[in-house]
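Contents: one structure, followed by commentary.
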């Protein structure tokens, strides 16, 4: 058996950090050997640091329980303790930005869940099924920053994961999308812990999530963009208008999508054609069988009342997008409901898949 | 004090029927003197018939508790016992259609909450703030059916009540609406009792409500239509595409609306103008001070995270529409969130307001 | 019309403080003229200070909206601005203790919702239906502290309000209670705002509330105690064992009670007798018609599945206790379910009732 | 590989029936070859019969999807199609009683989830960790009824599963329990589907579950009883008083227990001793490693706020009892909170464990 790559988790005591710890248990390629968090957790064992705030049913994995939590701000402490890090930092944005850069500068690649570097134009924002080739920018990123082995790769916001892959699949099949109106019904785990007060989520919904609509509208453009010389150039479309709502669901973001193709009427795909495209969609992660990749990235359910968060979020390890209710739209061309697991595909497990892709593409060699 | 008009409630033991009973307590114009339901309730007192299924916190109103429930199918039993009826019948659609007609034929006007007659083209479907003049069709309706004093008036579905009045207000002010994409987050009380199983509404949403999207898309066209000769002629727009979702909320339907005006760019209203129109909107029910009319039909909240069902549904007796988050739409022209109370404005109290309008316009004279 | 007594609210921006502001709107005796909170709110208008954290559906009352929030620590600022204060302070316990004493020392009586002084033995802990005569201790309290017009009165924890009055009614009728096992199902509003994370309250309950079981077990003993010379002497029973649980309910604490009388078998009351005692129970607040007193302090419901929080919490302005399921206990003597509104009877409106009692008994004269 | 035993599921389309189908997928010993339900499902494939009412996230297992559903009333149809049946029948109690007997008479043993035969005194009501030896009564049962290979075994109600094993462990260790007051907070899945209306479970709890308190109080006595000649003789204690509540939780019943030992004070176990007993408790299912048996039947959590349904119900395949908050009781001796998964341990998987025990003890030989 090959030796596993050692990995650190930054922000290890928060909700996303805990999910990394939990999901990396028994990972075939990676092994958590380092955990870092805020100074007030530093010096405690991981178990002491999270105590009654361990949010996952199962116990803390044996190998991590007794690791001593380090101060995430102390980059030097990580040197030699882990080969790369997952960043689930919860700090002010600029602080994350420079701290992640410091790890990269110290030869420790950063696979980040944070939004800080999403718009840094030489940092790839990955959905491995869509834009694996954006990893090509890493050479430039290293060059720009004078980094040797370190680099930064990020993932997009959880709110777009349910419909970006389906949209990409359509575009790739020759059906460009012009514009979309998207209303999301988002789970409370997306806000971390303590996150949304229960007072707001019992017999209630909240039709607003700070910053979420902007992310939902813009991040897709970079993901669908192209590496061009020194940077990733955004795609010009599709145009998106988003309404983001918080609903009383633990995990699983649902999106109601109305979509218009950028095609003359006679060239628009039929519903059957669309379904066929989605059913058959496979991409690099499937072809090279990345450990956390879903076997089938897009699952279609035909029951009239699906997908539903509690019933469909765990499909294929929580990594598949589940789609239902594909039908014509009276205003645009088509309508559908898409669902993805926001703390698995949309956060920690999505980050792990990114790392698997990075590893498989050789970017972790020579660490 | 003038003598009150006596009224019957058909389907009195169901959720909407109970709300009629409750909301008519101490009504200044109407007094419940007759209750009818399915044959299996007939012969019991109202209290016995509903027993542990009385769904409202307060007690059954004193005057109704001891009324003997009649078989709703027996129209003759109602003769002389009430001057008009509210229909909250829960039966197969065709059965409701003919039963409501039988009451009308028996000189007992029917103010209905049911969908059966919504598309009968000489039956007015009323939102009193919008189309009070549709009552003009009643003379024709009586003539067509050979009815003397009886007639039928209906109300539209609860899912459209939150945005129809705002849309009408804009159109009336000279800003016609071309098309809208609407996603609703609807309360479970809309499905009656027992209605939606709790198994579907804990840690879950259901992205489908049978028949609701069709109603949402089409009913507005009749409401915005015009009486033309023998019938009500539908308006030609706006075009609506609806996504209807059930969410774990007791009362209060929320709609996320993206809307495009049917105007050249330079003639489109500013957000300030729109807000001014909504703030100042008053209609006939306000002018003639109908007892159940909201003082201000459209309330605007400026907090970034409102309206919310639990906090805003009871505004102005549960009869006002509350709007928030008015902002530009990147795809259409504007976006906003609208909320209305589905069992008050959207059901029983909306029906009562209809009856008040009908009474005020003289259609109950000579009963 | 008599001039109203001016009142200040300390901790006015928190959840309980907001409830005071809201519930005192149009109060016949009291008028809010002063609001104080933490230093960071000081200097803002009340509306600015609470902004999007106004937790109640209705708007902020007109008269309060524009009051400038003062620093609650600055007792001198309150002098001349209000005749007494409601304390809804949310600070560290010792800080509240000394701050409330400072207000009293400054001739400003304090009617407190906080737990800080509950065990100060010359401070009355009031449930007006039970121990109005504990106000007699106030003279001693003033004497002990060298206070002139100021004094402190407190209310007990919300978790005991549902069953203390019923227990008292039984004891007063000659049926002393020996011991009780009580399991509470408590609403999340009891934890304030943001309070309990929604992550803990969706598809979940939490079988622990910090400090709650101790309060539940001990506070009743002081309430049932007697003024004896310089202090209030605790009653020796009943003995209580409490299990306190947090459940996904907005408002309304439910208690499942098993109770044993301290009587030989033949002297124990029948279920009918108990029901009669509860039905007929009235106390001083009812006799002197305090504005916030429930007409009937104990309401009994006979439906097999009541009381329920959402249906019964608002009974009689949220001030009545609702009891159901009175039946024999196989282990003790009787079992029942009791419900009270934790933020009305159990917090702000309970505090207002205390102030009404204090005023009616003349303790606010000469302020 | 040994040939699997073929098994039928009666009531296969209901919630518990679906769970059997789902949980038996890939079972090492049993294979579903027969499904039966009400006459209106008969003749359809299983997939057609359940359609949009398939309540479990994963798909219907391949091998079952296309089985033709039979009429459960037609015992002869099952002959030769399956060697024994799981009964998850949802019918009137007497009908279940005689139908289960008919299957037994037809040489088809019945492992039942229904309550119909729980009080038939020659039918064992099994919790395999407690009373495996009650299987000895089967010989008598066959003799009494003149059955050849068929017999009936049942499981107790889901409400008692969380605390019966802990109580038994204490008694077995020499600490007999005299009496207990138990308050349960039960998940809605216990009521099947559609079960509890969402209207009752949003911002609400219901302090009543029909028949549940009686079952909770009495079933333990039979389980703790002894086979004596022709029948199972009940134990004389412990005496239980139960308060059963429905709470908005999908799966997982929680019990708050206060318990008194039947021992002089000096012989009562310490909290440490109790914890040691529970930690070390193993029984026959563990010793013979039944496939569905939890490795550790009683798990103790030391976090102050555990067990919680969502976090602890899945412990050890949903088959372990999780206990927390063990502490002294001011009224009795000890208090604790116990949790078990009501649709796994408490229903389908509990039934499967019973069948595994029955098989392991040889009662399925020669079928």
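Letters A, B, C and D mark the chains as written, and numbering starts fresh at 1 in each.
One rule holds in what follows: contacts are C-beta pairs under 8 Å (C-beta built on N, C-alpha and C of every residue); 3 or more make two chains touch, one makes a residue touch a chain.
If you're wondering where the values come from, they're calculated on a predicted model, not measured in any experiment.
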Legend entry - Selected interface, A-C versus A-B, where C-beta contact pairs are more numerous: A-B
Inset, instruction - Please identify which chain has its centre, taken as the mean of its CA atoms, farthest from the centre of chain D. - result: B
Legend entry - Centroid spacing, where centroids are CA-atom means, of chain A and chain C in whole angstrom: 47
Legend entry - Whole-Å gap separating chain A and chain B, where each centre is the average of the chain's CA atoms: 43
Legend entry - Multi-chain contact residues (two or more partners), chain B: 55, 200, 202-203, 248-250, 304-305, 310-311
Legend entry - Residues of chain A touching chain B in the complex: 179-181, 183, 185, 200, 202-208, 217, 239-241, 243, 245, 247-250, 254, 256, 258, 304-311, 324-325, 329-332, 335, 337
Inset, instruction - Over in the complex, which chain B residues touch chain C? Could you list them? - result: 51-52, 54-57, 202-203, 250, 303-305, 310-315
Legend entry - Touch list for chain D against partner chain B, complex: 15, 55, 188-189, 193-203, 248-250
